[in-house]
Amino acid sequence: MTFEPLRWQEDPVRIAVFHDTEYLQAYFQVTAPRDIEWICKGRPVEELPRILTILSPSHHLASAKALDRLFGVEPPPMARNMREALLQAHIFRHHLRKLYFLISSRHNPFLDRQKRGNRGEPQLFPPHFLDEIMHHEALSQEAATILGGRCDHPLSAVTGGVSRFLKEDHYHRLSEIAEFCLKFAMRVGEFLRDEIFGDGKALDALGSTYGQNLQVEPMVSLTLAEKDGNVVLRDPVGKEMDRFSPDMMFEKIGFHNESWTHEPFAYIKGTSENATRKVQEQIGNIFHSEFPIPNPEFFFVGPLARLNSGEALGYPLAEEERQRLIEVLGPFPHFGVVAAYWALLVELVQAAEKMTGLYAQEKLTGPAIRTIPSEMGQVGHAVLESPQGLIFHHYRTDQKGIVEEVEVLGTGTGNNALRCLLTQKAVDISQARGEAWEETKNRIEISLLPF
Amino acid sequence: MGTNPVLNKKLAIFTATGCRACENAILDIHYQVSSLSRYADIAFWPYVLGSEWRDLEKQERIDICFFSGAIRTGGDREAALKLREKSRIMVACGACAAFGGMPGLVNMSQSSGESGQSQGTMDNNQQASEEKKPELPPLEPRVLGLSQIVKVDYFVPGCPPTQNFLWAAIQSLVCNGQSPARLSFAASRLPETIGRSITSGILPPKGSIFAGEKAVCASCSRVKEEKRFETYKRPYQAYEESGRCLLEQGLVCQGITTREGCGGLCTAVGLPCRGCFGKAEAVFDPGAKMVSAIGSTFDSDDAQEIAAVVDDFVDLVGTFYRYTLPTQCALFSTPPKD
Amino acid sequence: MSDFEPKIIAFLCTWCAYVAADTAGIARYKQKPNVRVIRVLCSGMVDPSYVLKAFTTGADAVLVGGCHPGDCHYISGNFKAMRRAPLLNKLLEEMGVESGRFRLEWIAASDAPQYAEIINQMSEEVRRLGPFSPSMIK
């Protein structure tokens, strides 16, 4: 039994379910490679932000950061603010879109209203609300276009800063947008709390179960500490287990390939050679056996991983939301689907608050947009928290600045293990409840969406 | 005023190997420009509606298919064939489908029959397992654009396509000449036949590209003075971010060989054009045209001097054919399906 | 491989190179038969697209022949050819076209022997390199 194509997934994905034994074995397959290495090798390194922008806007920003390091330049404060402002607009947009998908998941948003009403289907959510969500999505896209030159594949982050100054009328518009987005984030929060998170029944109707909150066995959370720029690993009970600087990334994180998917699996290497070897031996098993064994060496990234730090947020409205989450679901760390959706909401509010702070004329003006490098190194790296989780870039070039080696750790790789385990869990629950295959597919999609 | 099952067109929207920017652009049109449900029933849209291949098979026919993404795997090829068979009109949406896009650069590497995953930090599990495991669709030996697999009726270029031209394509092909008065300003850069189709509903000739015909320079806002290429500059070096033409400043800007329509998006932001709209109407090969354009503006008559400047140029193929290697590079491409 | 007869496309300018080629023919200078001549008004009008097109449609090598700098019938036409050549060479090289396959040469109208010499050299070199096929480039 295969489910293909899958809804809401950025990568081309297929779920294959085998029924050879009494139990179902589900495989989450990424069916096409992204070929980043081959696209980037041989390119002038300063072109990488424009090339890697096709992965996501956050990759565009991470690439520019890596170039700053490679060329040994520090962007001027205005450029740093503009890049951060762009990131927040994209976080807002990304999270809002996922919530849009959640809310629209049970009915076809393209049906005419009259027809929809006549079908007698239970109206879970008022249709005009979808329009409002997308209107605010458009606002955040407008902000992203102003700051990034283009929305989906931004352009403006370059070596040493950004590529051009903003215009007079942009500042006013940006602060307007920030205001609207913050107001709307609060309304979305109300709506979600009332309709979905409140008693969890609506989420149940959408395919997850609140009572049996769909989640995998707790695993490690991987995040970026804002204060010191280090990468933090937090164990399944929320305690910090390791903290290292980004240039040690590939010493701490290893990659494992399976024949049935193009996406590699990222895992935490052991502290000793023996420990690493043990992990490597186990990794194959976790996906081959009938009962996936939770492996504590896997980690996951994303909004939920970020909130699993258990730290209070520096933004009051977002912190209030986070407290509400704790009230209903209990203290962090969390690993379940409901918490993941709620984490999206918390970060949505936080992004809106950050936008309100950043979209001010004094933050986004300055004498220089970029620092011109005077020399060129040959190695650069950068780490960044993208809306979907932590990402990492590493480049090595020759003396002419042509890319020889490029490594991109994306959220697809970071969360690959999580998604595979979630898929298996969803299939198991579906089987236990005797659901039809359509329901199983829906359950899988709803569970994977917030990650 | 409701959906009209008789006149509504059936749409299919699908991405092969690529990002989701093109599909998101269509979603945006529905909410930000004009509701699609007046003119179309979206019969197959896996990304947003969760449609499966089974659902496509149940459809008798699809009127218009918006196909994005390059052809990288056997699965992509199959999908293209299936959708072409079911659809009356096939639109290659975005640079990947229209020209091969950035994935096309893989064709320059040694063995594109494997995936370009970094091997440096990998450790592959060598355990042979008895259990059955699913297979992956095979990789195509070369990355291809959609037109090299099936006959494509219309092209909407760009990475991602601009909302103007995507809306123009939808108005032209879907709306039966009944589109609302909100015509995009881009209509003035469109070829006459397309402009006419928006207002009258008569389809434009097959093979039409929803973009302008001239080069980007025609719509670029920068100031063009005398073309003289003195030194070669790379974008991390100092140059005037606004005002003067970038080619004149020594940057490699491909506006001169690229089809217009974006309105000079990148140059307006201070960056040189990289050709995501594909080659302009009158161009045979984008790389040759760039050589001609840059070469003719060298100021010197001394062969040594010129050779010294040329020596600084890097990665010509990856720059001139960044989005168009599989389809528009004369030496590397294979002919389209006819 | 020894049966391979290279096809060389030669764009020759009317005023100098073509005259040289013509003379070489009349004077029966020994030259390889592998050339197809395309007569153009000036070497400066040979757009790089023509060169690429020649390669895509079966040429194994391309020669562009023009007047010596300073002798161009149109004053500076050959300078245009000269300005394009290094960049075109670089592009071809990046695409895997071996360096012997494209040449820009100044050939005076009176210099028929030089023309024959160039043709013979090119034929031998291209014979050694083998047939050109676009699919060969990865």
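Letters are used for the chains, namely A, B and C, taken in the order the chains are written, and counting of residues starts over at 1 for each.
In the analysis below, contacts are C-beta pairs under 8 Å (C-beta built on N, C-alpha and C of every residue); 3 or more make two chains touch, one makes a residue touch a chain.
For clarity, every value in this text was computed on a predicted model and none was experimentally measured.
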{"item": "Chain located farthest away, centre of chain C as origin (C-alpha)", "value": "A"}
{"item": "Core chain by centroid distance, with centroids computed from Cα atoms only", "value": "B"}
{"item": "Whole-Å separation of chain centres (CA-atom averages), chain A against chain B", "value": "26"}
{"item": "Between chain A and chain C, centroid-to-centroid distance (C-alpha), Å", "value": "56"}
{"item": "Computed distance of Cα centres, chain C from chain B, in Å", "value": "35"}
{"item": "Contacts with 2+ other chains: residues of chain B", "value": "108-109, 112, 315"}
{"item": "Multi-partner residues of chain A (at least 2 other chains)", "value": "none"}
{"item": "Sites on chain B touched by chain A in the complex", "value": "1-3, 14-21, 24-25, 27-28, 30-32, 36-38, 40-42, 46-53, 72-73, 75-76, 102-103, 105-106, 108-109, 112, 115-118, 120-125, 127, 129, 131-137, 139, 159-160, 234-238, 241-242, 265-266, 268-271, 274, 314-315, 318-319, 322"}
{"item": "Residue ranges of chain A in contact with chain B within the complex", "value": "2-10, 12, 14, 16, 18, 20, 25, 27, 29, 31-39, 41-44, 46-47, 50-51, 54-56, 67, 71, 97, 101, 108-112, 114-115, 131, 134-135, 137-138, 141, 149-150, 152-153, 155-156, 158-160, 163-165, 250, 254-262, 264, 280-281, 283-285, 288, 369, 372-373, 400-402, 405-407, 441-442, 445"}
{"item": "Parts of chain B lying in touch with chain C, wherever the complex brings them together", "value": "107-110, 112, 283-285, 287-289, 291-292, 294-296, 298, 300-301, 303, 306-307, 310, 313, 315-317, 320, 329-332"}
{"item": "In the complex with chain B, residue positions of chain C that touch it", "value": "47-49, 51-53, 55-56, 69, 76, 79-80, 82-88, 90-91, 94-95, 97, 134, 137-138"}
